[in-house]
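For clarity, chains are labelled A, B, C, D, E, F, G and H in written order, and residue numbers in each chain start from 1.
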Amino acid sequence: MAKVKGEVKIAIETCKGCELCIHECPQETLVMSDELNQRGYHYAVVAIDNCTGCTNCALVCPDACITVYREQRGKKKLVAQLSNITENVTITIDGR
Amino acid sequence: MAKVKGEVKIAIETCKGCELCIHECPQETLVMSDELNQRGYHYAVVAIDNCTGCTNCALVCPDACITVYREQRGKKKLVAQLSNITENVTITIDGR
Amino acid sequence: MTEETIIAGFGGQGVLSMGMLLAYGGVIENQEVSWMPSYGPEMRGGTANCIVINGDEPISSPIVSRFDSVVAFNQPSLDKFEAAVKPGGLLLYEEEAILNPPTRTDITIIAVPAAKAAIELKNQKVTNLVMLGAFLKAKGIIKPQTAVKALYKVLPERHHKLIPLNEKALKRGAELVRGEITAN
Amino acid sequence: MTEETIIAGFGGQGVLSMGMLLAYGGVIENQEVSWMPSYGPEMRGGTANCIVINGDEPISSPIVSRFDSVVAFNQPSLDKFEAAVKPGGLLLYEEEAILNPPTRTDITIIAVPAAKAAIELKNQKVTNLVMLGAFLKAKGIIKPQTAVKALYKVLPERHHKLIPLNEKALKRGAELVRGEITAN
Amino acid sequence: MSEVLFMKGNEALAEAAIRAGLDAYFGYPITPQSEILEYLTAQIPKRGGVVLQAESEVAAINMIYGAAGAGSRVMTTTSSPGFSLMQEGISYIASAQLPCLLANVVRGGPGLGTIQPSQGDYFQATKGGGHGDYYMIVLAPSTVQEMADFVYLGFDLADKYRTPVMILADGALGQGMEKVTFPDYDPAARKIAKPWATTGKTPDRERNVITSLYLQPEKMEELNLVLQKKYNTIRQNEILWEEYLTDDAEVLFTAFGLAARIVRKTIQLAREKGIKAGLFRPKTVWPFPYKCLNELAHQVDLIQDIELNAGQMVEDVRLGVEGATPVFFHGRMGGMIPTPEEVLEKMEANLATVRGRNGRPKEDVR
Amino acid sequence: MSEVLFMKGNEALAEAAIRAGLDAYFGYPITPQSEILEYLTAQIPKRGGVVLQAESEVAAINMIYGAAGAGSRVMTTTSSPGFSLMQEGISYIASAQLPCLLANVVRGGPGLGTIQPSQGDYFQATKGGGHGDYYMIVLAPSTVQEMADFVYLGFDLADKYRTPVMILADGALGQGMEKVTFPDYDPAARKIAKPWATTGKTPDRERNVITSLYLQPEKMEELNLVLQKKYNTIRQNEILWEEYLTDDAEVLFTAFGLAARIVRKTIQLAREKGIKAGLFRPKTVWPFPYKCLNELAHQVDLIQDIELNAGQMVEDVRLGVEGATPVFFHGRMGGMIPTPEEVLEKMEANLATVRGRNGRPKEDVR
Amino acid sequence: MSEKGTVVAEKASEMDLVYCRPESLLDVRMHYCPGCGHTTTHKILMEVIDQLNIQEETIGVAPVGCAVLAYEYLNVDMHQAAHGRATAVATGIKAVQPDKYVFTYQGDGDLAAIGTAETIHSANRGENFLIIFINNGIYGMTGGQMAPTTPIGEKTATSPYGRDKKTAGAPIDITNLLAQLPGTFYATRQAVHSANAVRKTKKALIKAFEYQKLDKGLCIVEVVSNCPSGWKLTPYESNEWMKEHMMTIYPLGDIKTPSKEDLLS
Amino acid sequence: MSEKGTVVAEKASEMDLVYCRPESLLDVRMHYCPGCGHTTTHKILMEVIDQLNIQEETIGVAPVGCAVLAYEYLNVDMHQAAHGRATAVATGIKAVQPDKYVFTYQGDGDLAAIGTAETIHSANRGENFLIIFINNGIYGMTGGQMAPTTPIGEKTATSPYGRDKKTAGAPIDITNLLAQLPGTFYATRQAVHSANAVRKTKKALIKAFEYQKLDKGLCIVEVVSNCPSGWKLTPYESNEWMKEHMMTIYPLGDIKTPSKEDLLS
């Protein structure tokens, strides 16, 4: 089975460094940063670009820090629901 | 089986006329009086002298109005426990 | 005028409804009225009573401990309330229920053979109406006709057919009280 | 003399025990002392602080809102308490943890590279002892030797073997504060 | 005016609640007020609304908290021990600023006590039986008619101020029957909008939150200041009392609820004896009519306070009087009710002391 | 004298309870007093006695009722919302005349409020949060040392009068650490016989019954008279207060507990400015030291009452003062604590009004 | 309230006394309505206490409910308790008097409505006392209101149109719930409407007291009982109604009995 | 408290968004400790509410406990409730807002200790709302005291020597008790410690909300959860400990599910 290509974005200032995403990722995509965020937590970062977009990390992330994208495969498209994540998200779906 | 001979005494002023003893007596020994006691209740009285001393009536009597005696049959004797029923009970067991 | 009455007996003897008729009668006659039942678990003991106060000015306390009239339906009630009749007041009791009659000499005492009368009327349940008839004869707190009107208020619709019988009982009660009533 | 100090940082940075050492030291030196932790669910947010008051007369309120000294272990604490330093007071902070240094000009400000020093001492956990050493150098509320004595009171028996290391950290902290301390 | 009915106080209260547009009632049986729940379980299915027998008074008051927060006109009633159990909930309701009507048909305490009438819960009602700084508007009916009247008033005040209002009655007012008439009252016209209620967060508004939690003391103090300001407004606008023969009074009785009825009789007896007595009866025992009482206090030789307790309202009386005239107390407890004659006797004894003490003959008094 | 320890108020209270011979503790966690239960669960297994975490405050107070009735030295502690839940049980305990020690480590109310220190439960504690006419002896500690001292006193008073005694503390006294020493106290020598307790009906005595139920109002009134008589005895014998620099005071502060500590500082500031200020601090807030306060009131230009609430003890102050001097109130709520400077400022403003109003220069005041 | 029966029991010299009022039941008239199961249960409880000779070691708790005056009748040390709190009170007593036999005597309103939390948690803690639970499906004392145990369709003062499952829920079988908690050692449901039922209930009570000696956990003896006044039936009718409407939803019998191992361990 | 993530999600143009923070979860930092299951449950609850598009029709109740501030995060109308009384409050709301979706969000101390009576009776009445029950076997908010659900032997602030069955009883399985009441329509026990568990819990929540439309009785979704702070473990360790010590006594899975008939009737 060909691997699907995915991508995650992590809101590092919201991250509390619980490491649950790290343990839950089947791809070992994520690691903890050495840096602290402003709240004093080490935060999760992408270590290897092998994400499959399986959403495991995001599902298990308590603080909803993780947004997941996945390669289009001709499936019905999801409507983005990003309105309150951050103000400067720009989303372009289907060229819109 | 020869019937055992029994006897009941009813504290009629304590009786509240609930009639439960009447219904519970297998011998139909008891009936309700036409008279009222001082509390305004009809009370249970012995109608026929056919009591077997089975204690059914006494067991079911809520207000503990019924004392039951039974013919001696050589069995181990019960010790009377009458102390606080009334002041002028006199009990003679085994000639004492 | 203020008339403080207590009506007392066993539960089921109709003491509360007798009181209610007296009270409703007062309402119909535009009096100030208060009806106060004994309440709560002491009723488990099987006794019941109500205090009825009829007056022409606002009722002070609905609970009082001395009465212009005591109506007793049984011995315990008589025993309990005999002393509570105000001097010169009235003690009216159901004759048959009482073994030890009252002994006070400073009050009017009337024994009403109400249960007997009710049995003659073929309904033991109207004993209280006989008592009420007698009481109203002795103490004209409300008119007997008003008591009849009150019956329409107090009885549930389905019992209205019994009103003629009740009316008879009231009359019979009144007849049982003979002569002038004075404190002896 | 009354010295009102708040020590604030993340939970786990040892701010409560730094305060406790300061307080116990006061007890040993026969001062009047009060130690008041932040408490309750706001701790869930991950921050902790304690107010320590050392004085020579009975402590008034154990909770105060303006301080002679603020010891900040992280940015949020510095942000929150900078304004609460009394004019002429002291603001002492862990250098590395702070991105936006304080801006007030009417107070003494000391940045202590305590975490670095602790790492040099091979135990990050003694950062708070370095801070205490520095603080006591700046504000002689209790003698450094007293702080060592206090360690025996505050640390559970099983950790007493760590006291020499703690002592070193205290010393190191004192060394990090150079020169005379005056409000600038 | 509508028909004159003859009802128990409990029933009159229940009937008035329905006529006042009661949306939901939650309650638990307790003598001497179970008739309220009983009346409502019989009537509400026919006349609309919700009536629910809760598993306890604690549950009932929290159901009230929920239903009041969700914007409804709600009521619970109980008697003394049950009211004690509600104290936490009442504090929450007051703090979250929810309107509702409560009634305590008081019986003799403390403890399990007796089911006979009493006024022993005055302190609890007026000084805050629950924790924290809050008050309820407390209406103290004196007749069955007021048992009904104060329901309408109570609901309206509750809505107006977003605050719990309570009716402080007693077993005799609850159990006894008296004449009563019900006023015209159109709930639809009287109920006001509650934009703060939790009715579902529509897109046109922020979510509504019912809470009394403010971990930051600054915020919690703000809430408290809002509450205190509201209480001051109520103190200014909503004080109710009754005076009876006070114009020429040389002796003033103070009493509320049932006790005030006994005192009225005493006053007649006193006046028959030539003693110019009058009555001051607070109808709102919170807010208490301190000021008016103070004015009267300067006019009389003494104040005789009468209560069915060991002396509770008398503290408010003394706070109102501020030493202007001697204040005496007489009370009966545990369900006992003083007679008008007994009350007269007590007052006369005190009057003798006062006038004796003042060394002034009666004529000189004022 | 024993060693000087440095402890949290909550721990000091718990430790004192053990040293005072605590037989059983029942309680439920709540901030800011959970350390008491925590301390006891750690210590009691080593030192003897019973400690049980109840399922709620309602259960806890009723466990107290049971264990106190069975003759033991018992205690429960909680904070504001939990104390409200205990009101029914407390009324039962007072009515059944059972000795026990309660503590309310008060937080900011009303409702859920905040966990910060407050004095908002003064009314509840002193006027009877529960139903009926009862009082508790209420001890108001001002230091961690008193958190310990009042435990011994509380247990002894409880036994002596067969009455619940409560400690009215606050979150700061519970959470903060201060120096404390524990006195010598031999529980065995201090515990008294309790022949009324339910320890099994031996043939030499009638059965013992713990009850507060008297259906006959005459009987219930009798119980009430017994209680009132007891309360009067307590009023005569057990009033405690502290005065600080009152001898020459022209301005009197009144405050209890934590507030009194702030006021002490204010007094120093005031005296530095030449204002002769003093402090009157009730240690028993019930019974309240009315008489002594009244005497002081005649000596001063004003009374400035300071509380961590919206004005509660000030009513008792005014009842004590009876108009003898103007009484002013300043309070902070919801966990806020006034500074000594703020308090000084308020007082000075009021002093200006009073002296201005009187139209008398300072010298003429007395 | 004390009064003596006027017809006294006189020993027929040639006969043995086989049943009489138990000694520990005080010789006063009980306030219960005629035919009420509370009365019968009081009586046999004291018979059992006499039989086990534990009067001196027994402490009882009766909360509000028709049996609130139990202390007027039961000649043992007693606590009256607040409504619903009997098991909390008993927990307090047993904690400081662990060698005494402690029992509570509770109605269904008390135990299964307002007292649910205390009941469940006493069982869950495995408190070592006995609950005697009088389930009459109604609030007797307050005048016949609906209880959590009231059968569906039953008309009471607060369910004048009959208990409606939709709004009031189903009658709750609390003994069954309690039996599922490991802290409950023995749970049985009995009755006192017939001589036989009385005999069984006495046995259950004896067992329960004996188990208390073992310190193994809570024992509960439920007595399905009547309330002639609340149900507005004669005592006899009430018992018949009870058989039909109560015992069908609350079938008599043991619900949880200790195994041999439980007893020995 | 509101703050924006600094690393923002930028649409990789060739990719679909497959997971993001739910719209109805307010964009503020939640106060929970790192890795706490409350946080995850909040998140997926709002995902479900968004998915069902019922934000405007939902009213929530969060009593005291770590989740008391839920109303700061959940963008629906909310009531904070007194400790233990969430289901009573919900009963009041649902009584007057019968067409709304009502849920409570309760901890184990709240639901299974102080609130036991309210919990049981809401279920017994068959109240038509949803209980979300976070069972972390501890009192999180007050600093880690023993709860009725705490496993035997577990050391907490009030069981410093480990929970002792003899004095504190066994951990109570309240969902199981509730499931036995006829008023309970759906009872399930789930978790949020793994992606799979989260998926199942979301399904359970969806079911529960959909059942609420049917007006058939109480639904309860228990979430066996962690308390890293109370347990003094890292979030990951806490989940491992939870699997071993909590899920063995509280096994995951459906406890009561409606039959076809139940659903259709």
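Convention: contacts are C-beta pairs under 8 Å (C-beta built on N, C-alpha and C of every residue); 3 or more make two chains touch, one makes a residue touch a chain.
In this text, all values refer to a predicted model and were calculated from it rather than measured experimentally.
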item	value
Chains touching both chain G and chain H	E, F
Chain E to chain G, fewest steps along touching chains	1
Distance from chain C to chain A - Cα centre to Cα centre, in angstrom	87
Centre-of-Cα separation between chain H and chain A, whole angstrom	25
Mean-CA-position distance for chain E and chain D (Å)	55
Junction residues of chain H - those touching two or more other chains	32-34, 68, 80, 82, 113-114, 116-117, 121, 141, 148, 167-168
Residue list for chain F, restricted to those that touch at least two other chains	31, 52, 55-56, 58, 81, 88, 92, 96, 112, 115-116, 211-213, 215
Residues of chain B whose C-beta touches two or more other chains	16
For the chain E and chain G complex, residues of the former touching the latter	28-31, 34, 37-38, 41-42, 45, 52-53, 55-58, 81, 112
Chain D residues touching chain A - in the complex, by the definition given at the top	10, 46, 74-76, 97, 99
Contact set on chain G toward chain B in their complex	3-23, 25-27, 29-30, 32-40, 43-44, 50, 192-195, 198-199, 228, 234-236, 239
Complex contact set, residues of chain F against chain E	58, 80-85, 87-88, 91-96, 106, 108-116, 118, 120-121, 123-124, 127-134, 211-225, 227-228, 309-312, 315, 318-319, 322-324, 332-336
Interface residues, chain E side, partner chain H - complex	23-24, 26, 50, 52, 54-56, 58-60, 62-72, 74, 88-89, 92, 96, 198-203, 207-213
